[in-house]
Amino acid sequence: MINHQKIKTAGIIGANGYTGSELVRLLTYHPHVTIHFLYSRSHSGKKISDIYPDLESVCEMVLTDTFQDVDILFLCLPHKESVHWLTQNFVKEETLIIDLGNDFRLNGNFSNRKFIYGLPEINKKQLIGAKSIANPGCFATAIQLALLPLAQKGLLNEVYTTGITGSTGAGQSLQPTTHFTWRNDNISAYKTLTHQHVDEILQQLLTFNNHEISLNFVPWRGDFARGIFTSSTIKTDLELPELQVIFQDFFKDQPFVTVSEKPVDLKQVINTNRCVIQIEKNENFAVIHSTIDNLLKGASGQAVQNMNIAMGWEENIGLNLKPIAF
Amino acid sequence: MINHQKIKTAGIIGANGYTGSELVRLLTYHPHVTIHFLYSRSHSGKKISDIYPDLESVCEMVLTDTFQDVDILFLCLPHKESVHWLTQNFVKEETLIIDLGNDFRLNGNFSNRKFIYGLPEINKKQLIGAKSIANPGCFATAIQLALLPLAQKGLLNEVYTTGITGSTGAGQSLQPTTHFTWRNDNISAYKTLTHQHVDEILQQLLTFNNHEISLNFVPWRGDFARGIFTSSTIKTDLELPELQVIFQDFFKDQPFVTVSEKPVDLKQVINTNRCVIQIEKNENFAVIHSTIDNLLKGASGQAVQNMNIAMGWEENIGLNLKPIAF
Amino acid sequence: MINHQKIKTAGIIGANGYTGSELVRLLTYHPHVTIHFLYSRSHSGKKISDIYPDLESVCEMVLTDTFQDVDILFLCLPHKESVHWLTQNFVKEETLIIDLGNDFRLNGNFSNRKFIYGLPEINKKQLIGAKSIANPGCFATAIQLALLPLAQKGLLNEVYTTGITGSTGAGQSLQPTTHFTWRNDNISAYKTLTHQHVDEILQQLLTFNNHEISLNFVPWRGDFARGIFTSSTIKTDLELPELQVIFQDFFKDQPFVTVSEKPVDLKQVINTNRCVIQIEKNENFAVIHSTIDNLLKGASGQAVQNMNIAMGWEENIGLNLKPIAF
Amino acid sequence: MINHQKIKTAGIIGANGYTGSELVRLLTYHPHVTIHFLYSRSHSGKKISDIYPDLESVCEMVLTDTFQDVDILFLCLPHKESVHWLTQNFVKEETLIIDLGNDFRLNGNFSNRKFIYGLPEINKKQLIGAKSIANPGCFATAIQLALLPLAQKGLLNEVYTTGITGSTGAGQSLQPTTHFTWRNDNISAYKTLTHQHVDEILQQLLTFNNHEISLNFVPWRGDFARGIFTSSTIKTDLELPELQVIFQDFFKDQPFVTVSEKPVDLKQVINTNRCVIQIEKNENFAVIHSTIDNLLKGASGQAVQNMNIAMGWEENIGLNLKPIAF
């Protein structure tokens, strides 16, 4: 079957960043796709393997600042730059565009394109055959997957979420808070109650939940490179088994979400496209833990999952990744 | 002044554990105290420096299983074993006992002794001249200091707290969750909503707050050895400056608590006896961050602070510690 | 081509350990192999995903203590237990046995079987069709790949090597030196000049080098979970370009070894089966850096590579792994 | 005794860097010294606690770009900038200058001043009353202490040393190799065989050793913030007990050097001014391990030790630091 598949061409705009390079790692071994070009204005002329030495002798492509026609185009630009780039470059209508920035998550309209919010666990039908996909944010993915089954049942009122993220979430730029000397063994809070993903999360939750939701989100910086772990506390009278059934039902056809009855830990999902969720209950409060790899299910892995769905391929092609585990 | 001070003798029961050894590190350089014996049933006959190599040529005392009279006795035993030990050993009435376990935190009565809850920021007066002190728990210290100013004003109703702790909080026993391979780069939740410190915290808060408090506490295991960082979210109509005044007033005479208006991070308190608190506000929600070194302000440092107060010495003697900083 | 391949059955003895579980991660997605059983005497009856939560919903097999016939048998037992296990169990002559322990590395004879030393970069021809393979040690792999090109030219006399290993090299047992509290941010030496891999390395080197070699190896424990990094210093009059040509020639047909002219770092090989080597030169001394993932090229990845070669499959089937990179 | 001491004034040039701020941490609690000013051209006007939050409410001094007369002046400038600064500023003859850079280590002459190499374990006599001290480098300190006893006996010929350093060794500037995402869990080599400390080490060793020494030094970057661990291999016919006697004798009056017969590890010296050395022997090779905190015994701690000696104070005043231990 896969032998008769015509190989599709892909291009990555912003290939020099973390999510761009992670796409290179994923697409290099994807059986249906060949990388046609890696675009980077700032690093044009360099090899991608000069920036990311793990790619030496794996992918020796040279970054270019010339855009070419491809079947699939990934935009891995800083927030607000996707709109700018699309305004300055002509992309054919039949090209699938997957934007990993946040430009089209809240408002998906751009020119003749209407970007679908690319969280496959709620939008799989709309994603099939789609030509424009807005890939969700990393915290947004972890927290939505923890809350959507409850939203669907109208169970969300006040939600208190704490989340911790690895340093890759801050990108490759050198900042005081990504300096090893400072970050090693350190924990700190940032954007307390004001993280930009709250709006993205609420927009989706409110399409299910039939009343207002107050989402109080405290993000922390963690002393690790990859991954997101979140715990969300809500008030509910439902018993733990009832909650588990709601979650199991919601995710029963989703290959990358596991509702576990065992304690979850961050490392069990690292270097995979999976999200693992665990629910705990005490008196009339429930806590939902949710964990993902921020660069995979939280970014480039989910982008490949969206591409697979949009192209009519099996959802997990190229995403059966060996976990790091240790 | 310090030259004319009569040196007091101290003994440590359970000197082989983390909090016991941390007391050795502190008391070795305390000008008013000399360590008279280090007691350990399990490691009797070994040098303390055989267990903790940082003490080689610093403290070469041999652990003993013979108890002797001292002026100050520290109990560093697993929870519930302090009662047991005191039942089996005779301690003179005039000996100051500081228990680092949780045996006397909720109920301080034992024989003729009445243990004072040793959080100096609320009980300093009662601690002066005290002979029996129950040293608070580590999470309990960090969270109480974050909430007491609010409790005093009757402002606490529902509190949502997430806290993260270093591996030293789990003690020196070898467990799957303290194995380096598992814990490195990992985050996980434990005792969700059921941590034993919740009762200890509420008992103190309720002596101030004139109505019930719901404290929902989600503890996480962190991938670092020392320290606790907590964020507590509450609903309040008070503005940030009003909250800051309440906190500044509450802690104005407390040498080890800093209410900061700058972003706090865990490492700024590591290897010190300090607690740093920061308040943030958005709409009608406030978040209070509080961070301590779990082995110092959360255990052995606070024990020395309590000893200083009880003995009538300056509160910070022996506690002007160089921060690790990096 | 791969569609017509008859799927082969594999069994793993000692599946509960790190190398055993890593084989599960690799074989789960290997297109020519199906795991027939996971054998563990100590954990029989448990699911492998109860021990390694990253395998939840990926591999839900139950560990068994019953051995069954398979096409390929991996022995992942503590050193010296492979001989014991093979003595007590009957394995058919046509079964390919790959031993990940050190029982057959120095002397490959056992009953009618003659174990081939499974370093494909020197023994590929002998490995094709082999039925018994002794998989090399982790440090032994990294150091041999750094020195073999020089040995082949007779250039080795005195070698001074320092190597650092992640905590997974010490296995899953709980020990003081694998306790997170101790190992985090820590470096220490062990088995100084007496590491058991020295004999294994010398045995191979001496089949090439026509005179004695003195290999002084200082192993260090590192504060990370995965990976090995080694630096070997030798005296030589050859210039850097000459050395690079020797290495490039030696490894020119080896898909998993890269001789780099750029600075190497440990993380560029983590979660891959690759070895990256860099040579540096100053005056008449050369230093050869060599880095691998100890659980992959240093153990289970190399075992799969050996299996592929022995079975006549492409060497890299199932081993095009996404690097962790960050 | 210490009560009658007249307090001396100290100034720190380059107080905004790691070694400068570490001096602030040490001098804040030094009984004989008061910090008179913190000088920084680049950060003038900022509080030191705005740069190093651990100093909040501990030292609230404001950085200045105005130099004032002091009794003791510490230069914490980038290499080569001490000469420049001294050329542009007038420092009184009676001021003790301690330079933490490398400007005066190899050639101590500057104007009328002659800088003494400030390794107290060899130069204590010359340091008493000195007015100009060149503080040794961090690797240079660790490696010299490991080799000096051997040099004194003329036992050094070829030495092979590998050393690993924490990220603080690279200073506070943001660089790709100090980015948390890259450095976490990573090991890499740098300045292989060409590290600038080799000359500094050899200059001292050769004043003892009566013939040439070949020192082959491979420095590694470690994934921790503080500390240096080195292992040096030499050929020798002396037995281990003989070597231990040589080392014990050499360091018998040195309060900060411990020759241990137990395995050493990096963390046992972190946040202390100590150096711990261990010798191991196999056949005719010996390995000497040596470990220090690079910012203390390797920089600011040793500077305070040198100040104490120069001023005629007890060598360990202000340096009885609580180890981090965990």
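First chain written, first letter: the chains are A, B, C and D, and each begins at residue 1.
In the analysis below, a residue touches a chain if its C-beta (ideal position, glycine included) is under 8 Å from a C-beta of that chain, and two chains touch if they have at least 3 such contacts.
For clarity, every value in this text was computed on a predicted model and none was experimentally measured.
K.L.:
Smallest number of touch links from subunit B to reach subunit D?
P.N.:
Minimal hop count between subunit B and subunit D: 1.
K.L.:
Compute the centre of every chain as the mean of its C-alpha atoms, then state which one is farthest from the centre of subunit B.
P.N.:
Farthest from subunit B by mean C-alpha position: C.
K.L.:
As a quick test, compute the distance in whole Å between the mean CA positions of subunit C and subunit D.
P.N.:
40
K.L.:
What whole-number Å value describes the gap between the mean CA coordinates of subunit A and subunit D?
P.N.:
46
K.L.:
Quick check on subunit B: which residues sit in contact with 2+ other chains?
P.N.:
Within subunit B, the residues that touch at least two other chains are 18, 166, 168, 181-182, 184-185, 223-226, 263-265, 267, 270, 326.
K.L.:
How about subunit C: which of its residues touch subunit D in the complex?
P.N.:
160, 162, 164, 181-182, 185-190, 192-194, 216, 218, 220, 222-227, 229, 231, 233, 263-267, 270, 280, 282-283, 285, 287, 289, 291, 326
K.L.:
In their shared complex, at which residues does subunit D touch subunit B?
P.N.:
1, 3, 18, 21-22, 25-26, 28-29, 50, 52-58, 166, 168, 184-185, 225-226, 258, 260, 262-265, 267-272, 274, 276, 295, 320-326
K.L.:
With touch defined as at the start, can you tell me which subunit B residues reach subunit C in the complex?
P.N.:
Residues of subunit B touching subunit C: 18, 166-168, 172, 174-176, 178-185, 223-225.
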